[in-house]
Structure formats: structure tokens, C-alpha cells
Amino acid sequence: MAVVQIRNLTKVFKAGTLGAVNNINLETKEGEFLVLLGPSGSGKTTLLRMIAGLEAPTSGEILIGGTVVNNLTPRERGIAMVFQSYALYPHLSVRENIAFPLKAQKVPKEQHKPKVEWAAGLLGIEKLLDRKPRQLSGGERQRVALARAIVREPRVFLLDEPLSNLDAKLRTSAREELDEFHQRIKTTTIYVTHDQVEAMALGDRIVVLHQGQVRQIGTPQEVYDDPADTFVATFLGSPPMNLLETDDVIVGFRPERFLPAGLIAPWAPIDEVTKTLKPENLLPADLLGSGNRIPLRLLVEHSEYLGSERVLYGKLPETRFRDKPVCARVSSSVLETYTPNTTYDFAVPEHELKFFDAKTGKRIPPRPFPWQ
Amino acid sequence: MAVDDRKVGVFMFLPAVAYIGLLIGAPLLLAVLYAFSDARIGTMGFHFVGLENFRSILQSPSFRAALRNSVVFTISAQIIVIVASSILSIALEPAFHGRWFVRLLILLPWVAPISLGAIGWKWILDSIYSVITWVLVWAHIFKPYGAPMWLGEPTLAMASVVLVHSWRLIPFSTVIMLAGRTSIPKEIPEAAAIDGAGFWRTEFLINIPMMMPIISVAVLFGTIFTFTDMTVVYILTAGGPFDSTQVLPSLAFATGIQGSDLAAGAAISLFLVPVLILIAYFMLRAAHRAEVA
Amino acid sequence: MPGGDGRKIGTEALRYAVLAVFVVLLAFPFYWMFVATFKQNIDLYNVENNPFKFNLPPTLDHLKLLFNETRYVRWLGNTALVGVLVVFITLAFSLPAAYALARLTGRWGQRIGIAIFLTYLIPPTLLFIPLSRIVAILGLQDTIWSLVLVYPSFTIPFSVWLLMGFFKSIPRELEDAAMVDGLTRFGAFFRLVVPISISGILTVVIFTFTLVTQEFVYALTFISPESQQMVGVGIPIFLVRGDVYFWGSLMAACLITSLPIALLYNLFLDRFIAGFTVGAIK
């Protein structure tokens, strides 16, 4: 188990163009599950491949366990990697796939069997040992890939979007298995994905990347509730944060905090609240926060009923942003059905507003904002 | 619509099947018939003579030499070709400046008509004017006029025939191997590198086993092309010296056309069939395996 | 594979060395043809002279002889004519057949496809004897028409197999959409699939043409007179007077004939491989 340190790492593919990875600095904590999150082209896979040794950096240093590894081949770095396609050797059985790293590293033959069985046991695939990869389901293949990675007891685990080839239903259960797996082995893991739900669910910390640069590093709570700039703010969360822009300030608020005015306690009179919520679904007042609220009347243009909630798309006609589309997410515990072309009393708790500099997009402290 | 489709389909491929059937099936039958007859060029009729042709062929030393040579030349050439094209395909795989041009040069032996390549080699191996001789004399390995006659001595002539066949086949085999190599998903050798495999281990334990279906195709085609070819021998040595480079197809030509004995020629060429059937069997197996994988 | 710059340079040098060796071994005979083409006979046939350089100034005599005093140009013409005709016949038969086998006939189609491909295993050196008789009976002996008739027997299987690969890579939905819009199955084939596959068809044309130029056995067997012969047979057989080989002109002819074919081949090779891998690996 080791810590991975990245110092001033840059990778330029074509001289004179912007690098795929630009001057990145980061450091993992021992045993943590670190997620590299970003859209395609953000450099996350290039960064992972440089840590693995499959790609040489243009400048900068990579350290594993305190040693600079820039000049070491992948096999010398003590890492293991799971690829997006799993890259199982198709002509070898599951057992031979898992044993391959042991053979390659010249581990003594007597140790092969016990190690393979240990790794297989860890992932629950003992029964599959004699099958060939083409006979396995997607989830089973992931487990074989993990077994092959763990059998050498590496210091660092690298995973490159291993869930993106699975169909949606399978993805959730595979994700849970990954989580449990990490809890069991507690090896430092670096995980690349473009899916922010995965990142939030799995990561101890998330590194948000855009155009080869780190925008923010933080726990899921930090990057979601305290975004460092507009990119992080809109990349996490679906539908994305509402952003309203003036010449020098941008204000943002999340759809799920943009609620019918009556729901925002404690000033809501109790009988108003009971009009909008079924009694058994009354939410405790202090869960909704105290302090001031900003009233914003929402003209609903279009609504989607998604079962557990309603997503409302509309505009704010009584503000200066009357032409800007905004959206709100209201739990379907609320009885109101929100008909189109009707205006409703909505509000945002003042402490939920995030402020960004209009030119740089970076987060700034709260300030007075002109709604009219 | 499905029934109509079937009819249209049959009409669409029937002409091709008929053409092939008539121009391959019919002559094949005729070849068998001739082998059991006494047909000759110039006379029209023929009579059945049972196994007479086969008996006399099998006793002929020319035939035995030809049979032996066909097998030996083919196997030797395939070995050389597989080794050479494996090495070459590894060198050619990554892109580099001028790769297109290098490929053009490498393809020349395969693309040029067989007869022209062969006659080019005849000039290179000429008993007096050979450039190889000149270089060896210049390096003082041989005295002037003391170099061997490359096409005049049996062992050297045989080696020359194998050389020309290999030379011609290496480009073909390399192209096929390259195609096989590029179809291996790039993540697999990367996974092997991470797992700790070095160059040789990755080559022999991962790349080559994965390319097996394609390598089989290359070997099988190469075998057919060498085994059934008469051109190289005909032009380079005409079967000489003293039948040492005679092979089944060139002997069939010499007997059947030049010697006017159609029946004996047909009988000789029929000996190609067992090997061809064997190859067909292996090809079908390789094709089946490739589909299942 | 990364792992330090020193290692990389070593591998690269090794790669270039290997390539250089192979290029020399494979392409040398053609360089040699080039040298012989332009060397004066006195220089060429002198064992003392260094064969790698021009000891006397280069000459165009061999080329002049080739073009003025031999039937070389005639052979080129014959070969081109046969090539064009065979390409037409091949396309006419193999385009519909390949389409039918790729689309219309399911399991049986697969089997027939393999059977057609297996006919490739029945070589000319097995069939040339009976075919020579058939050709004589049909009165086509000593004419190029014998070849126009017989060559499609091996160009059609090859083309069907290659075209099947190309057609299979076109999504079925395109034709379904066309038929919903009102075309018949054959109409969809003719007006939609064929135009889309033009590059694949062109590849088949080039490869068929090269197969024709490379053929030797049938041409040698069916045709005797010099004026009717193909270039592949004419050069090694007729550029000889008695026992004397006109090596200069001979090499010139080889070179001039081989290079254009090689260029065309190299241009279309990538497309060929694409069709080949689709067909073989499915």
C-alpha cells in the first residue's frame, strides 16, 4: 500500500497545442479511493496511464511510495490496472488469467495455486476458474479482472472506467461490489470515470478535471455543496445547477433547493405546510434550514413526472432574468401537480446561493445580488 | 417478402455457381477420367486402361523425385516464411515515416507476376554472370570461375527453388500477419505489460496464440501456393538438373503437354488431391474456430 | 512501451535494422532488373566489371529493342484486353452472387460461400490438362478467348468472397429503409448497395486484374503463337533467340510490367485488408 504523488505533471501530445494534462499536482491518502472525474478530453485517462507507465509524461514527476517512478516500466511500479474492456486474455482460462501475473513475475510455482484461490475467493469466482472469458457475463468478467489485479497484492490499484461497458442495471450492483471490495482490501485506489453519480457513490475524495487541469479536490460533500468554480458546480448534479449571470457576478442554486415557498420553514405557518404535504410526509422543519429565503415566482412551462419527484422547467418572469430557463426538483410527496403556463410561489434559502466571478468562473464570497 | 427473397437470392448466385461448376467441376471429373485412360494430345478418342497409368507413374523415379521434392520444398518454404514474416510483421506494426513506401518495396516479390520474379532470379543465379558469384569472388571466398553453379548443382538448385518460393511468399504472409496483429485490442498487451510480462513472454504467450486463426490461414494458403505451383520450377530450372528440382505440377506439365501424354499428366496431377483435401479440412476447422472465438 | 529513453532508442534502431535487411532481401531483384535494363551489353556481360555500378555510360538500347523489335507491346495489349474483359465478366457474376450470399440465404448461404471459397483449393495445375482439351474442342485454342473463358473460374470465387465481406459491413437497415420507400430487393441492391460499395468494388477490380496479369499455367498451355500471348508468358519464353537470353531487354520488361501493378496493389491494400478481416473474422 502506498501513496501516489503527482508533481507538476504535464503531457503534451502535439508540440504547440494545449496539453492533455497540464501541470497537475495531487497526492493520494493511504488506502483511499480517489476518483478522477471529468468529461471526455479532460485528461483523466491520460493521467491514469501515466501513473501506470503506459504513457510517458512530457514533464513532471510521479512518485509511488515516495520513489520517483518516471523511468520505471509498468511491471516495476508495483501497480495493477483494470481496463475499461477488462482486457482478459481470451485464449486462457480464468485460472490461467489470474495466474498470468504470477508467472510473469516469476513467483515460485508452488505459490501459484494458493494465491489464485485466495484471489478468486475474495471475489467469489471460485466456480468460474475453469471457464474461458467468452463464457462469462459482464459482471463476472469484472470480477476476474479484479482477481487478476489483486493476486499480486499491488501497492496501488488503477481502474479505467470499468463500469462503462455494463448495462445500466448491472452497473449499480457492480458498483456496490467494487465498494465492498475496496472496504475489504483497503489498497490505495485511483478510479477514472465521467459519471458523476459513480464518483459521488464510490469516492473518498474526488478530483474534478477539465481540459487537463484540476478544478477541485474534495470529498463528495465538498465538491457538491461547495464547488470551487462554475465548471464543478454544473458538472456535478443532474439536472445541473441553475446559473444566473450579470456583468460581474454569477449566482447559482441547485434545482433541488429551489422549492415551493411554503416548504421552507420555519416561517411557514403549519396549516400552509399541511396543505402542500401529506401529513405522513411532513418533513421536520429544521431539516429545511433556517435563515432568510429569496422568493422567486416560477412560471412553469414544462414538467416531467419521474415517479419519486417532479422536474419543473420554466422561467422567472418577475426578475431581470425573465428569459433564462431554470429548473426545480420537487419531491412527489408534494401534492401539487404544477400545470404549465401557471406561476407559483417558489423560493431559495439564502444560504444555498453560490456566488461565482463572472469572468473567471471561480467561487467568491456571498454578496448582494440584483434580482430585479 | 422472405419467400420472394429466397427466390431472388437463388437467381442471383446461381450464375456464379454454374460458371464455377462448369469450369472447375467438369474439368476435375475429366481429369479423373483421363487418369484412367490412354488419352493423348492429337487423338480424340480414349479407352479405359484401369490403373495402368498409376502403376507406371509410381514406378518412375522421376515421379518419386517429384513427389519428394513437392513435399520437401513446400515444408521448407513454409518454415522460412513463417519465421521471416513474424519478425517482419513485428517490425512493421507501429506507424512510422515512409511506412507506405517500405510496404511497397516489401510487396514487390508477391505482386510481380510469378514468372517475372522467377526470371529475375534466374539472372541473379546465372552460372556465369551471377551477382552473388561476383560478390563472393570479390570477398575472396571463391576463386574466379570457381564459384558453384547455383542452378546447375542439385542441392543448390533445390535451395534456389525454395529460396524463390519463400521470397515470393514472405510479403503475402507478412500482410496477413500484420492484419492479425492489428486486430488484437491494444489493451491486451498493455495488461500483459502491467502484469509484468516482458517482450518475449508477451509475444509467445499472448500475441501469437491470439493470432493463431490468422497464422493458420497464412500457412494454409502458403502451402497451397507452393505445393501447386509449377512456374518457379519451369522457369528457373525446368526440373533439372536431372529431375532434382522436379515437382508434381511441373512434371505433370512436362508429361502431359510437352510429352503429349494427357493421361499420365492427369494422373500425376491427381496426386495433388490428397494434400489439398487435407488442407481443406484444416481450413474449415480454423474457420470454425475463428467463428466460435 | 515506455520505460526510459535509452531502451526506446535501442528498440527503434533494431526495428530499422530489421526492416533494412528485409527490404534489401525482398526488393533487391528489382533493383537488379533496373541495373540490367540500362547497362550496355559489353558492361553487362563482363565478369570482371563491378556489377553494382555503371562502368560504361547507361544505354537505352535494351528498351529500344524491347519496344521496337519484340512483341512486348502486343503482349501488353493482349493482357490488358483480357484483363478488362475478365473484370467485367467477374463483376457481372460475382456482384449478385456475393450480395445474395451476404444477405439473402442465411445458413445455407454461409455454406455455399465456404464451398465457393474452397474451389480455390483446386489449382490450375490440376485442371489445365483437361481444360486444354476442352479449349481445343471449343476451337479456342491459341486465342486469348480461351483465357477470357477460363480465368473467371478463379477470379469469381475470390471476388465473391471479398465482396461478401464488404457487403456484410453495410447495415441491413439501409436496404430495409429503401424497400419501405418502394424499391424491390434487386432495386435496393442495384441502386443503393452497389454505389455505396464502390471503393470495395474498385478493390476487387484491381485485385482481379492483378490475378489476370500474374497467371502463367493456362496462358502457357492454351496459347502457342507469340502474337497471341500474355505478357507473363511472353517475357520468359519469347525474349529468347535459340538459347540466347536477351537479359537486358528481359529485365527491362520485367521491371516495366511489375512496377505499375505493385503501385496499384499497394494503394488498395488497406481496403482489401478491411474487407478480408470482416469476411474472415466476421
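Couple of notes before you dig in:
For reference, chains read A, B and C in written order, and residue numbers begin at 1 within each chain.
By our rule, a residue touches a chain if its C-beta (ideal position, glycine included) is under 8 Å from a C-beta of that chain, and two chains touch if they have at least 3 such contacts.
Bear in mind the structure is a predicted one, so any value in this text is a computation, not a measurement.
Two chains share more touching C-beta pairs than any other pair, namely B-C. Taking each chain's centre as the mean of its CA atoms, A is the chain most distant from chain C.
Chain C has its Cα centroid 56 Å from the Cα centroid of chain A.
As a whole-number value, the distance joining the C-alpha centres of chain B and chain C reads 16 Å. One inter-chain figure worth recording: chain A and chain B are separated by 58 Å, centre to centre, where each centre is the mean of the chain's CA atoms. Across the assembly, chain A contributes 53-54, 73-74 as residues in contact with two or more other chains.
Residues of chain B in contact with at least two other chains: 193. Annotation for chain C: residues 1 touch two or more other chains.
Across the complex, chain B is touched by residues 1, 15, 18-19, 22-23, 25-27, 29-30, 32-33, 36, 44-45, 47, 50-52, 93-94, 96-97, 99-101, 103-105, 109, 112, 114, 116, 118-134, 149-150, 152-153, 156-157, 160, 179, 185-186, 189, 210, 213-217, 220-221, 231-233, 235-236, 245, 247, 250-251, 253-254, 257-258, 261-263, 265-266, 269, 273, 276-277, 280-282 of chain C. Residue ranges on chain B touching chain C, taken from their complex, read 1, 4-6, 8-10, 12-13, 15-17, 19-20, 23-24, 26-28, 30-31, 34, 39, 41, 84, 87-88, 91-92, 94, 100, 102-109, 111-121, 123-124, 128-129, 131, 134, 144, 167, 170-171, 175, 179, 183, 193, 213-214, 217, 224, 228-231, 234-235, 248-249, 252-253, 256-257, 262, 265-266, 269-270, 272-273, 276, 279-280, 283-284, 287, 290-291. The touching residues of chain A, when paired with chain B in their complex, are 52-54, 73-75, 79-81, 83-85, 87, 89-91, 100-101, 104-105, 134, 148, 152. By the touch rule above, chain B contacts chain A in their complex via residues 185, 187-188, 190-198, 201, 205-206, 209-210, 212, 293.
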